[in-house]
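Alright, structures below, take your time with them.
Both of the next two complexes hold chain A, though its partner changes from chain B to chain C.
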Partner chain A sequence: MTDEKKASEMIKELMDKHYEDALEAKKKGELVGWAASNFPQELAECMDLALVYPENHAAAVSAKKASLPFLEYAEGQGYSTDICSYARINLAFKDIKECEALQIPMPDYLLCANNICDLMVKWYENLAVELNIPLFMLDIPYNTEPAVTPARLEYIKEQFRMIIKQLEDFTGKKFSEERFKEVMEISSASGRAWKRAMSTLMATPSPMNGFEMFTYMGILVCNKGRKETTVALNKLADELEERVKNGETSYKAEEKHRILSEGIACWPFLGHNMKTLMQYGINVVGAIYCDAFAKVYSNLDEMAIAYAEVPNCVNLEREVASRVKIIKDHNVEGMLIHSNRSCKKWDGFMYEMERRIAQETGIATAYFDGDQSDPRLFSKAQYETRIQSFYEVMEQKKAAAAAGEGTR
Partner chain B sequence: MYTLGIDIGSTSSKAVIMRDGKTIVRKVLVTVGTGTSGPAQLIEKLFEDQEIQLSDIQKTIVTGYGRTSFKEADKQISELSCHARGVHFLFPSARTVIDIGGQDAKALKLNSRGMLLNFSMNDKCAAGTGRFLDVMARVLETNIEDMGSLSEQAQAAATISSVCTVFAESEVISHLSKGTGTANIIAGIHRSVAQRVSMLAVKLGIENDVVMTGGVAQNSGVVKAMEEAIKTRIKVSDYPQYTGAIGAAIYAFDEAEKEMTKRCSL
Partner chain C sequence: MSNVNEVIAQFQEVVNQPGDHVKKYIAKTGNKAIGYFYYAPQELIHAAGMLPVGIWGGNIEPSSVRSYLPSFYCGILQTAFEMGMKGLYDCLDGMIIPNLCDSLRASSQNWKVAVPQVEFISLVPPVNRKTEAGVKFLLSEYENIKNTLERISGNKITDQALNNSIKVFNTYRQTMREFTKVARNYPDIITPSIRNAVIKSASFMDKVQYTALVEELIQGLKTLPVKDWDGKKVVVTGIKMDSPALLKILEENNVAVVADDLAQESRLFRSDILQTSANPLENLARYWSTMEGCSLLFDPEKKRCDMIIEDVKETGADGVLFCMTKFCDPEEFDYPIFKKRLDAANIPHVFIETDLETETDEQARTRIQAFTEMAAL
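This part shows the complex of A and B:
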């Protein structure tokens, strides 16, 4: 009775199945690829190619507190601690090939895109050289301009055509325009369902604990071109809308303050971070993943633009504007920023972005130091001090606003 | 009415008793912090002359790194809010606070009512904090208390470029072996601390008046280097280490008064 299952159960099952299917495909002798999280998976999906996403795998391994041995192994191989911890985990897994926390099959080919991260190119090149497998590379230029220029659009589309040809030659499978259209439709429907679900977070109180978003969004990375994903995400949106209607929420504390979570989650301490915030009645009601993560398009041009306009690939003005929109729409009072050692690209613009956002919106902001996967780079005590202070600043701002005093 | 503010730091514990949230009647400092006998010693010393008894205290608020371990307090408030409150009590004109403690450094931005508007703290590295100076004093075979006056004799500050405590220590050793004078090395160390920590304040936007607090504010050499780094005069109170405890005692007074008003209205 699939209908009776909760969306959270459906999503969990789909994530489990995603990994089981990939292992099964490998067992059956099918070709399995490893792909960058923002590679247009539609190209592989419409050719029924099994894919695994190392970033998602590394995040899951970190959340299960199993990342450290991989990080240490990679460092032993000469990879600097300054390199992205997702990359270090995956480059270690390449050699170790076993992961009790979450097993994935070894790849036969690689699909890399540099739209969200530049380091990824070297990471995937190393995989390709050391495993002696082909790397199909999609180069998406950074958008200094406010929109993707026609020349860039053509450049990206031409690469889509090239990758389709490369995949056909390598796998022996045929690309079908008709199937491609169908996958695009499914992916867009998943994107729309996600946006509908996340738009419910605008309600006060928000119908869910924002940390749930971090676990749900994996399905968009790994499985968005599948009908089951659209079904699960629509179910999630329905459930959340129902909760809003009834004034219910899965957040197990009084929602005193509504915040935007900025940066990749600190996976090894997700539970600790969530509990600490809950202690102060702080709920995450927005993140860049709410809107920008779901891609909605109806043709190849729009799909190319969607993949070219992902966060980290657009100029600072657009990065600011997309957050300000969430802050306003979701009635956000504060922005909690993860200064994440791994992600130089994101951290690089974060300070100026925070300055502009604080200036434009007047919300409280706070940073904490950590890493998406390396548990050695986070201090619980430091986090707690910052959160307590962040809470007190939000409290004072609220009290001043209630008294009509302003903050000057 | 007496209220008590306690600030349990990483390297020292401080307590202040205030009368009616306006007058400091007693202050005690123990040079060991959280996880040690410091907090217990603090309470013992606070009431040893028996002029004021523990039972006279209406309310106690605890702050600082070790705040969660002190269960006897009525409430915990973050060290940032307590510092803001304490500084506003000592210097109502303060708008920027630079605090350097044992293992952290922070900058605060206040408004005219002493409200904490924004803050910025050091990252996970302890370079630029009191601990950094402790390590350097040991290498230089100098008392930490003398570093300020020694740096005044400097002819030209030595360059200490590393932001890492361990590497900076190597640089100091290298300077010593080259025969660089201790005063010049200390001045270089102070400049290194100031340059690192001033960035926290610059990020928030420096607004006058600027006040320095925390144990390191007792070091006139760091204060001078900080003034040069931010190109602004800095005010320091006579007891910069007690700012957090003062703020906590004032918060405790507010809480006690609120409760009394509530009781009266019932």
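This part shows the complex of A and C:
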């Protein structure tokens, strides 16, 4: 049986349905949770709990250019502009409760995980206090060591047990081991499909415009434990493989330079950024999400480790290594770094990381200032000049490499 | 009085030249010194026969640090790195960096490269600190640190030594709580700068010696008459308030600090380590679960705000000064809730942002002036 729908449509429909289902659940009087993007959604999925992800919501609202009123409201409440804009948008939404760009239901409980940042803990504390609802906290300790230590693993697993119990008590639903296994399998299958799709970007030319990745990855945040997601992502992988086979691509320019996009997308200016890059024939063929969002595991220990090894949760050496791998595998010539005002952790050792990556791979690097959601912190003019010189450096490197080859 | 002044002068000397003081200690005792940010197990360092040195940055213009930390990192980290990179911490044999905020998380990794001569010692305290799993996890973190400290010092940390250190530190904590209470009665002598100098000195001094000196100060103060204070009384909250310029502004405006909720001050000695287990390391780990009232501790009820309100009631303060360390997101998240709760309790409060010490505090001056006038109503 072949599905006539394209993967992109399937993914969009699934995202729409994710939000509709949550609203519907709320209407029916079911309990709805708000969850951190890297909270193991498997735990909730196997108890059939409706969840919404504030980070994903904030990103979507920003991409629809509707973030500013929320940011301004939060500032009026005393929130500093220094705070991550996702948090500001969401903390404003909790009061305003209406969002024309994308409505979400209010939460009855909160699922927080701090693997991607510690700011998450403060954000969810504030939600819990102000909404007076329970906060179930999953602490995934930062890995200063090269691997997740046995003590960390034990601590995380203890908390899995604790949170399952808390959820059971709070929702009155039962956790079933059997269903959990099934959800783990589906999630891993979604992860494998994502990996397969992303590995097609190794081809030259890449079969797609890298910006599409940013719209697809939301589904892994929100819905990876559902069969429909696995189906859609496998469809995506099939389509991309087919394009590679035929030498086709959805990138609507000549792919002159292949880059790694580093940092969270600048959502309010996604279109502008994409067009600017296209002007120079620069295509994004890699991002940390390629590997990071695909969590593949076959038991509880492996699942705990997968969630403990997400970006921002591993040490400098590992962060460097994961990027170097993508750069090499995907034949990347340059790294474009979003110095994202929101994300202190991500930016925190970017300078050192960039130096090491440049040294190990010899690729060109460039920075631009911005913010994932706060449109006031991005300058089109700065972006355009930075891209122009980035392009020139890549051209020079290419010419030099070609000359080097000629003299050999 | 002369005795009180002499003791105070000793503390002032320490905070004016903390590096010199630490170096002198090392030269005199032959012991090593270990730096730390915030809540590190100082007792372990002490039990290994070394000096724990609290690192809070300092008065230095950030320059070299620019190649490691983004410009929107707090002044504490900017200046601590700058000092480390300039070799000012070379007298330290290690640096414990606890993972308490995102900036510290990333900084731990930068430290390894930017200040390689001062060994980075990892500490990732559990967020779920009140659960048994959390205590167990912290115990494992402390075990690692214990091993590292034994290696660096060459001394074994015995249970007996650790028990002794816990006693030393509990005495220090009790003494400090008494000091803050007694100091309230003498705002003319224990001015905001002096109060800060006395408390901050603990970061750089041997705790036994330090505690004895504070005790002497307390006894000295108690012999003096308690005078009426016609200025304002405030409770201060935040990470730290040790900018000499800002402290001076308070003094110029006749503002007395009657209690604090600062990470550099009272948060360090609000409660004692309980001796509930025969294993002192476990007692140390359990301490983390009993601490309250800090933006860096998981606090889903924001008890911190209630504790500040209690302090105001207990001390009869005229209001609260929120001393915000610029770019400190844990504190920035607490502020809106603090504001709401204090407004609801009808307690006046003022927001002051501090950045690098090298910067002027004109805005702070205006705000504090306005605040003292408002609080007079």
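Just so it is clear, the second predicted complex is superposed on the first by the 402 of 408 C-alpha atoms of A that agree within 3 Å, B and C clash if a C-alpha of one lies under 4 Å from a C-alpha of the other, contacts with A are read in each partner's own complex, and residues count from 1 in each chain.
We adopt the following convention: contacts are C-beta pairs under 8 Å (C-beta built on N, C-alpha and C of every residue); 3 or more make two chains touch, one makes a residue touch a chain.
In this text the structure is predicted, and so the values were computed from the model without any measurement.
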- Query: Would chain B and chain C fit next to each other on chain A once aligned, or clash?
  - Reply: fit
- Which of the two partners, first being chain B and second being chain C, lies in contact with A:S339: first, second, both, or neither? both
- Query: Regarding the shared-chain residue A:Y351, is it in contact with chain B (first), chain C (second), both, or neither?
  - Reply: both
- After superposition on the shared chain, which partner residues are touched by A:Q382: those of chain B (first), chain C (second), both, or neither? first
- Looking at the overlay, what does A:A321 touch: chain B (first), chain C (second), both, or neither? neither
- Note on the structure: The answer to whether chain B or chain C touches more of chain A is C
- Task: Return first, second, both or neither, reflecting whether A:V393 touches chain B, chain C, both chains, or no partner chain.
- Result: first
- Query: Is A:G78 in contact with chain B, with chain C, with both, or with neither (first, second, both, neither)?
  - Reply: second
- Item | chain B versus chain C as contact partner of A:L135, first or second or both or neither | second
- Gap in Å between nearest CA atoms once chain C and chain B share a frame through chain A: 5
- Dual-contact residues of chain A (chain B, chain C) 339, 351
- Message: Looking at the complex, which residues from chain B come into contact with chain A?
- Response: 65, 68, 76-81, 104, 111-113, 115-121, 123-124, 203
- Of all residues in chain C, which touch chain A in the complex? 67-70, 72-73, 99-103, 105-110, 112-114, 122, 124, 126-128, 131-134, 136-137, 140-141, 295, 298-302, 326-327, 329-330, 332-337, 339
- Message: Touching residues of chain A toward chain B in the complex: what are they?
- Response: 339, 351, 358, 364-367, 369, 377-379, 381-382, 384-386, 388-389, 391-393, 396, 400, 405, 407-408
- chain A contacts chain C in the complex at 77-80, 82-84, 87, 114, 117-119, 121-126, 128-130, 135, 137, 139, 141-142, 144-145, 149, 151-152, 154-155, 158-159, 162, 315-316, 339, 341, 343-345, 347-352
